[in-house]
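Each of the next two complexes has chain A plus one other chain: chain B in the first, chain C in the second.
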Partner chain A sequence: MIDWDVHNSWSAAQELLPYLDPYHRDALVRGELPGGRHSFPHAHRPWLHPEGFMRTDAVPEDGGPPGSDYDLLREQLLDRYDLEYAILTGEEGIEISTLANPSFASALARAANDWMLAEWLARDPRLKGSLVVAPQDPVGAATEIRRLGGHPEFVQVLVSSGAQRPYGDPFYQPIFEAAAEVGLPVAAHLGGQGGVNANPTGCGPPTFFWEAHALLSETGMGHVASLIAHGTFERFPDLRFVLIECGVAWLPALLWRLDADYKALRKETPWLRRLPSEYAAEHIRLTTQPLEQPKEELHLWAALEAIDGERTLLFASDYPHWDFDDPERVRLPPAWRERVFGENARELYGLPVAAATGG
Partner chain B sequence: MCAESELVPGASIVREVEGLSVGVFNVGGELYALRNHCPHRGGALCRGPVTGTALPTSDRSYLYGREGEIVRCAWHGWEFEIATGRCLVDPRLRAKTYPVEVDAGSIYVVV
Partner chain C sequence: MIDWDVHNSWSAAQELLPYLDPYHRDALVRGELPGGRHSFPHAHRPWLHPEGFMRTDAVPEDGGPPGSDYDLLREQLLDRYDLEYAILTGEEGIEISTLANPSFASALARAANDWMLAEWLARDPRLKGSLVVAPQDPVGAATEIRRLGGHPEFVQVLVSSGAQRPYGDPFYQPIFEAAAEVGLPVAAHLGGQGGVNANPTGCGPPTFFWEAHALLSETGMGHVASLIAHGTFERFPDLRFVLIECGVAWLPALLWRLDADYKALRKETPWLRRLPSEYAAEHIRLTTQPLEQPKEELHLWAALEAIDGERTLLFASDYPHWDFDDPERVRLPPAWRERVFGENARELYGLPVAAATGG
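This part shows the complex of A and B:
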């Protein structure tokens, strides 16, 4: 008798270390390792950061993950930069979008939101929360938005930029309906690549982490085009959509293209009343990090002027990730600083001026 | 331009007149003339198809209408209202229009 399928197992992946060459051994020792006993359930993206994607100076004394220790976060971010508010986006929460089971994904969302409220938002008035929802479960997501969206500590609904289809698709309408009802912006944060979600780049998967990371803004482009084309902002005239960590310099070029193609083929979407660029200016907001870094900063500033960057950009640091933008070193036109570093977010999220600063 | 009998409702012609290219359209018995030059990129506006269009709607629905009132530029497909020369997407953008006169069975365009 021959048995063609018998599973043997290592007790830990580290048993493989002596069998690996030194270069790849290093990735297993210090690199990002999805899964494991204490991991959060999600289908991981196929690109793994070879050094782990965290600032190595942000590891707390207890050895826990960067961002897991309030005191260190306060010291390195809130107090260090005298922040008025920090909008928390969680770490792995948005990755629920990669799970096949929508019911499980929504259960994890509810748990993550209750955890956010109890463990973080109650702690410091400078911290505001993002309400994570499972986009593959639009009805469950809408229920969650109505359950907690009215809580003053939550300032936006959050999904991953990785998705099964672009967010203007009627499939997602319950999410936008609920967000409009409770008056929260919907934000899509870079992530959710893998699992049931569509490949984030049109010509097939890139190979390397940095190569993929630079290209992941593609999903943001798809969502912007889709939300505008499907008339989301006609249907929900007060709705705002925020793209987080998807880059910014591509938006002017995309809008130029959308405007031109819409002018020729408006008959496909006769429910639109304005040019795509006009919807974008009113309804789309982008966070700055990782801000593109041309050799000559004026090249970037000229592009951002085309999307009225002073009013459409929101500063973000991405603490404690490896591509953190230091607010003191972000290169934007000085005249834009007040709005991009505060006023725009204050308006968008309806935040009162100056929470009591701690420290 | 041509004999009145040549231009039945729904028909259009393009003629060169003293170096100027002009199209004449019969829209339901009314005659209109447009310069055969699209204000978008200078394309052959009047060589494009005469069509209807998707009327403004709401909530992802479609309603076809205005059959025969629209010309789609032959180059990039921008839609123009034949009667006024106005672009449907941006009414501030207009194709040049000319008065049309009929005299003794012939159609004339006043340029």
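This part shows the complex of A and C:
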């Protein structure tokens, strides 16, 4: 079983100090930090979780943040569910997208990636890494992708779903060019709300955390439409785009609309050669968590069938967050299990079967 | 058959001059008009339809805008489909929500409503009107609702789905108070993109018209979540909210998420007493056009069954716009026809059966 969204964390942002150049190290030592000393610099979203974000049983014995203790992560996730691979997505790394200063954001990304490589990926062959980049600094992001993207322990480029503009926008072109060059998928993980990024809905800022959380799928919808419309998958025919934690059941409705609108007005984007739904089927992958919970299971399954869920979904648990999906309780059509819980991810990254058990 | 979205138009905005007070009349006579002389003041959206917005066969003989000639509208719509009622939504009226000046926006709303009453609603008993208000001026909007909302020819309050903030926000409270007082539903019609309003997606501005058009459902999603979360339907238990032209197939996925997030974090909104999906079933109505076009009809029908489409959908044609839905070609479960094509709308507004044929 492969888990596509596992959050490992630093105990404190000061763990990044050895990986920062002196100029940016100074910002972490002497500069303003929004959460006080030891916090990581980003513009925190204005929707505050009323219970905190974490599984309370995932706090390590030393009182550090959930996800910061490898042994506990191994016990509660890797061994408990006998995972073949856990794809680490970090904890706060993607939140750099909310910062106004692009070069500071890229410096933090470099430090987070070097820390990930040194402190986590060497530890256990089951752990694979995500290469965080700052989308507001496309050239810096491309440089980082070329610097570390060839390393076999990194399996994807990672940005937040919150963004200033949709990812098909020409502004981001260097990121996709570099990802295609090193042969990595680009993934957008839910997050990056607030700061310089757009409001996460199409009608301004929601109010409550649970309201906003249910609407965050909207951040992903815009990226899917944008990447397709701009012809990203015509320019980079091997590129895959993975949406993490944005939900899945909204995709059929969006693709039906995109197909109909494209058919009527295809003159606007003559570089496209296929229907939006055809690009999506080949190039877009979605992780399952948090899987929608309908009253009637068959209503969800019909939606997932409409997007060929057996081939487009990747299982993710979101460990150690509050809304963790236990793989034993995720309800999908039983015949899809092998692909969604492993084969799709293995194909996407060319991962070898059965990594040795680490620890 | 009742058609919930029929666009009647002025031939030129100068038709509104008799209905404007001298101060605002001056703005239409001497002020800057974004489309040149005879145009209506609003901040046009930055996504331009590559073919224009109208059915080319709906241009009247005098060359005026489609929807501006009653006889043609009667021939092409009312008589052609033997409509019992056509709910007029105007053409540009709702775009006042994009203007920076709230009192100018409200003045234009008043003029548009008086024009609607004098020039259209007296003409044919099959025509019913929408009372346009400026959402960026909640107190002015409430005054307008109390001024004309009791008139039996107006069946709903109308705003654009594009907005500065989601409509559950306390900022808009006076509008819902007044609508509840006069007993009218509040409807949000697709539109109002650009100007002072929010970008229509959760990740900044899309690029192309067809891309943006497919994403405009996102403007409606945020309003549904916001109205429910803020307890609007607890405060106004008889209030109904109608989303016009925002699509329908996305609603189940959103409600599944809202229900799950509310169940987990209901402490944040203790004034709620029911699940989001239960408020939606009772209080939210959606018009059908543009009905999503899936590859497999049953995939759409499963989605509509999940929101009890037989009771929550209202047929709309969007005459005379480019993406008009011919009622003879709208594919819905046959058993739902009576309710979706008439009964639901009749109940919502207490409309009498079989208006006399007008003309």
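One rule holds in what follows: the second predicted complex is superposed on the first by the 323 of 359 C-alpha atoms of A that agree within 3 Å, B and C clash if a C-alpha of one lies under 4 Å from a C-alpha of the other, contacts with A are read in each partner's own complex, and residues count from 1 in each chain.
In the analysis below, a residue touches a chain if its C-beta (ideal position, glycine included) is under 8 Å from a C-beta of that chain, and two chains touch if they have at least 3 such contacts.
On a predicted model such as this, the values are computed, not experimentally measured, just so you know.
**Student:** Could you look at A:Ala43 and tell me whether it touches chain B, chain C, both or neither (first, second, both, neither)?
**Tutor:** Neither: A:Ala43 stays clear of chain B and chain C.
**Student:** Check the contacts made with chain A and report whether chain B or chain C touches more of its residues.
**Tutor:** Of the two chains, more chain A residues are contacted by C.
**Student:** State whether A:Ala264 touches chain B only (first), chain C only (second), both chains, or neither.
**Tutor:** both
**Student:** Tell me the contact category for A:Ala198 with respect to chain B and chain C: first, second, both or neither.
**Tutor:** second
**Student:** Contact-wise, after the overlay, does A:Ala112 reach chain B, chain C, both or neither (first, second, both, neither)?
**Tutor:** neither
**Student:** Under the stated touch criterion, which partner chain does A:Gly231 make contact with: chain B (first), chain C (second), both, or neither?
**Tutor:** First partner only, chain B.
**Student:** Looking at the overlay, does A:Arg273 come into contact with chain B only (first), chain C only (second), both, or neither?
**Tutor:** first
**Student:** Which residues would you name on chain A as touching chain B in one complex and chain C in the other?
**Tutor:** Touching chain B in the first complex and chain C in the second, residues 230, 262, 264-268 of chain A appear in both lists.
**Student:** For chain A, which residues count as touching chain B in their complex?
**Tutor:** Checking each residue of chain A against chain B gives 170, 230-231, 234-235, 262-268, 270-271, 273, 275.
**Student:** In their complex, what parts of chain B are in touch with chain A?
**Tutor:** 40, 53-63, 76-79, 87-90
**Student:** How about chain C: which of its residues touch chain A in the complex?
**Tutor:** 49-51, 161-169, 197-211, 213-223, 225-226, 228-230, 247, 249-250, 252-254, 256-262, 264-269, 277, 290, 292-296, 298-300, 302-303, 305-306, 322-323
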